[in-house]
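The structure appears right after this line, and notes come after that.
Just so it is clear, A, B and C label the chains in written order, and each chain counts residues from 1 on its own.
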Amino acid sequence: MELLFNLTLNGLATGMLIFLLAAGLTLIFGLMDVLNFAHGGLFAWGAYSGIWIYSTTGSFIIGILGAILTGFLLGIITEKWIIKPVYGNHVQQILITLGLMLVLSEMLKVIWGPNQLSANPPDYLQGSWEIGGMIIIKYRVFIIFVGFLVFAGVQYLLKNTKIGLVVRAGVMNKEMVQALGINIKKVFMFVFMIGSGMAALGGVLFGPYSGVIHAGMGMEFAILAFIVVVIGGMGNFTGSVMAAILVGLSGSFMAYYVPELSLAVNMLLMAVVLIVKPQGLFGGKG
Amino acid sequence: MKSMKWIVNNRLNTIYILIAAFLILLPFVYESRNMLILLTQIFVFAILAMSYDLLLGFTGIVSFGHAMFFGIGAYSIGIFMKRFEPTMLHFIYAVGATILITAIVSFIVGLLTLRLKSHFYAMLTMALAGLFLVLAEKWRTLTFGNDGFTFRVPEVFIDRTNFYLICLAAMIATFMILKRFTNSPLGRVLQAIRENEQRTESLGYQVLHYKIAASVVSGVLAGIAGIFYAMSLRYVNTSVFAMDITLDALLMTIIGGVGTLVGAIIGAGLIEFAHDGLTELAKEHWIFERWIIFFGIIYILVVIFFPLGIVGTLKNFTWRRKKQHPVKKKENLAG
Amino acid sequence: MSVLLKLNNIETFIGQYHILQGVSLEVKKGEVTVLLGRNGAGKTTTLRTIMALNPASKGSVVFRDQEIQNLPTYTIAQRGIGYVPEDQGIFAGLTVEENMKVAMQKDNEETHKRLDYILNLFPDLKKFWKKPGGLLSGGQKQMLSIARAYVNENELLLIDEPSKGLAPIVVEKVMESILQMKEQTTIVLVEQNFMMASTIGDCFYIIDDGRTVSNGTMKQLKEDEEMKRKYLGIA
């Protein structure tokens, strides 16, 4: 019972981290038709910058805010100088974002050195609670909480604000949004920024969760995020959270029972989705 | 017009033959073990890059997991040579196994994703390559995990000069096969797909079949490149499945020039020479240890400003001088 | 009457296809100008070129005495041109309310007045206010699309084949509403349904093979059997 509970909690926490990465990916794709292969790089940058600020200032909160800010800034730069020049050409876009991924990962090594850095949760998030004989690790609960908060926040933004409406409308019909007098390029920039910020937040939360961060983590998580985006439906925000939890849970349980197959099971899931329902389990715009 | 083209082609062919002759004679006149090894490496990667070019340049498919096929080839030969006697027979078995596995994998990937938008293929190949990497790490009884293993090779391949010539021959053969292939009716359909998939479809071609065919041929050739790579090192470890290999193939193809085949060879030469030079420079200053960063930046600039690469840009330039129709920028990289 | 919109020798390419090869027309303020012509003649592209959705490669588009052909689509819309595309361009996953909200550029009294007016004109929209746009009937979608274009203080509406695919009774309803809106705005209408075109239209342009080949008042066209047969296939 305790095992099941902890595996579930672990899966949910991992799922939330993947969600933070996948949500931006899916929104950017939905609106701009750009699949950003550099998104994992923003995740890693969030981790490094956030953990660095955290260890210099001693405040985890400032570290998190710093990471999000880094994500925003990198997002803006990426959109402006990397994505915009090749807008509308799919192949060039795919190629260029991968190039950016390369540069981002290597830059991390230039700035912070090629070795992995360690990271620990702040005092108030260390340790665990014991409820009814079950041990609950605080930091995992914290990640789930933050993930849920972000999900609720973005959901609110999408449902109840004008810009959120425009984003949803843009996913469905970009041309018409412009014909109604809205500058979609500004919306692109905004969404790219938010998506990058979420990825960076995921990165910095991941640091104390795993204990160490390294430059290759961006790529590893990006692959999971791609799987999530395919399963959840490209461009489908709510789909991405469901799929992320699914992938997180399956990863957590498989890692315990049949560790060799944990990535394989997720891949298999993705392959099945591609065959049966390429628009994703929860619908999307393929 | 036709005679003109023939003259141009003829001159080009003469240049190719001269270069080939030069490369064949090189080991007999210039004895440098390092140079020999470097050139061998270039030939091997040229095969990989050309196989990549068939996808990206000629069909407009982006693969981010080409290392997977390369790695399958490398591990096939390694396992056969290690488990059994390093004889020609087992070499042939290894080649057979490589062809079989790469063909099956590329066929399945193609079947799953090529009817969808281009990023699905990129995504699935990337994820699958990650899976193979994990497989190679975890299946220790077969792969010895991360450390990898050394193995012996059949006698013919032991001598460095011999091996150099064999790799050169393999590269030339690949070049000629792909040249033939891309100029064949099938290859023309592939290029039509790259330029306008819907139009090709509406002309009655089963676009999916052609794309899968390109995917399979490319996968098999990348596997062959992997075989030669592992044999040149007589050692194989999980790095053959790493993203770096895919990135190398990408860089070589993009920088050399997509859709030209020669570009892939030139790209392979440039990148391998640069690797070599930058590794030397790394002893002088640590920043050169991170040479990938330079490649990355150059790569991004090339994609934005010279999407045709070196060969494509040159071609465009000379054509314009002759006041003929330049290759349109869009056409070579159109999605 | 003053000229609100003027197209001077517009040429437009879509990909490599030369779709418009010389479209010139004038739209007078307060009138309904109908674009007629065969399928594929370039009527829809003409509207899309005005909105810069398919930008012109040659020629000029003058709206309220200013050239707009080089402006981005959203600026053109902001300057006061509303667009109702052939496929209506409804945001299927958004409710009727949300569709309208996306369209409302300003949140002032005037816009709300216009919203009230148009909802009175199309009571169905009010009835299905919270229903996703994708679940509306074809006629309701058409109404929603027109309402979206109307709700801003647009001086000009471009409406592309509002009768397409609708039942005759619904066509009549849409037609009536356009007739009402005509009192307040200038309209360019692409219409194949000659009954509708001739009832609403004040003047016409015929586009054939990407060129404007003929124009005049609707009255002239009704009497010109030769022209109707030649370009419109009506005997």
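Simple rule for what comes next: a residue touches a chain if its C-beta (ideal position, glycine included) is under 8 Å from a C-beta of that chain, and two chains touch if they have at least 3 such contacts.
This one's a predicted model, so the numbers in the text were calculated from it and none came from an experiment.
*Asks:* Taking chains as nodes and touches as edges, what kind of graph is this: line, ring, star, complete or other?
*Replies:* line
*Asks:* Determine which two chains are connected by the greatest number of contacting C-beta pairs.
*Replies:* By number of C-beta pairs in contact, the leading chain pair is A-B.
*Asks:* Looking at CA centres, what chain is most distant from chain A?
*Replies:* C
*Asks:* By C-alpha centroids, what is the most central chain here?
*Replies:* A
*Asks:* Can you check how far apart chain B and chain C are, centre to centre, with Cα atoms defining each centre and the answer in Å?
*Replies:* 53
*Asks:* Nearest whole angstrom, what separates the Cα centre of chain A from the Cα centre of chain C?
*Replies:* 43
*Asks:* Between chain A and chain B, what's the gap in Å when you average each chain's C-alpha atoms?
*Replies:* Here chain A and chain B have centroids separated by 32 Å.
*Asks:* Out of chain A, which residues touch more than one other chain, so two or more?
*Replies:* Answer for chain A, listing residues that touch two or more other chains: there are none.
*Asks:* What parts of chain C, by residue number, touch at least two of the other chains?
*Replies:* none
*Asks:* With touch defined as at the start, can you tell me which chain C residues reach chain A in the complex?
*Replies:* Listed in rising order, the residues are 51, 53, 72-74, 77-78, 83, 85, 89-94, 98-99, 101-103, 105, 148, 152.
*Asks:* Quick check on the complex: what are the chain A residues that touch chain B?
*Replies:* 35, 37, 82, 85-86, 89-96, 98-100, 102-103, 106-107, 109-110, 114, 219-220, 223, 226-227, 230, 260, 263-264, 267, 270-271, 274-275, 278, 286
*Asks:* Report the residues of chain B in contact with chain A in the complex, numbered from low to high.
*Replies:* 56, 60, 62, 64, 112-113, 115-120, 122-124, 126-128, 130-131, 134, 138, 243, 247, 250, 254, 287, 289-290, 292-293, 295-297, 299-300, 303-304, 307, 330, 333-335
*Asks:* For a test of understanding, state which residues of chain A touch chain C in their complex under the given definition.
*Replies:* 162, 165-166, 168-169, 172-173, 175-184
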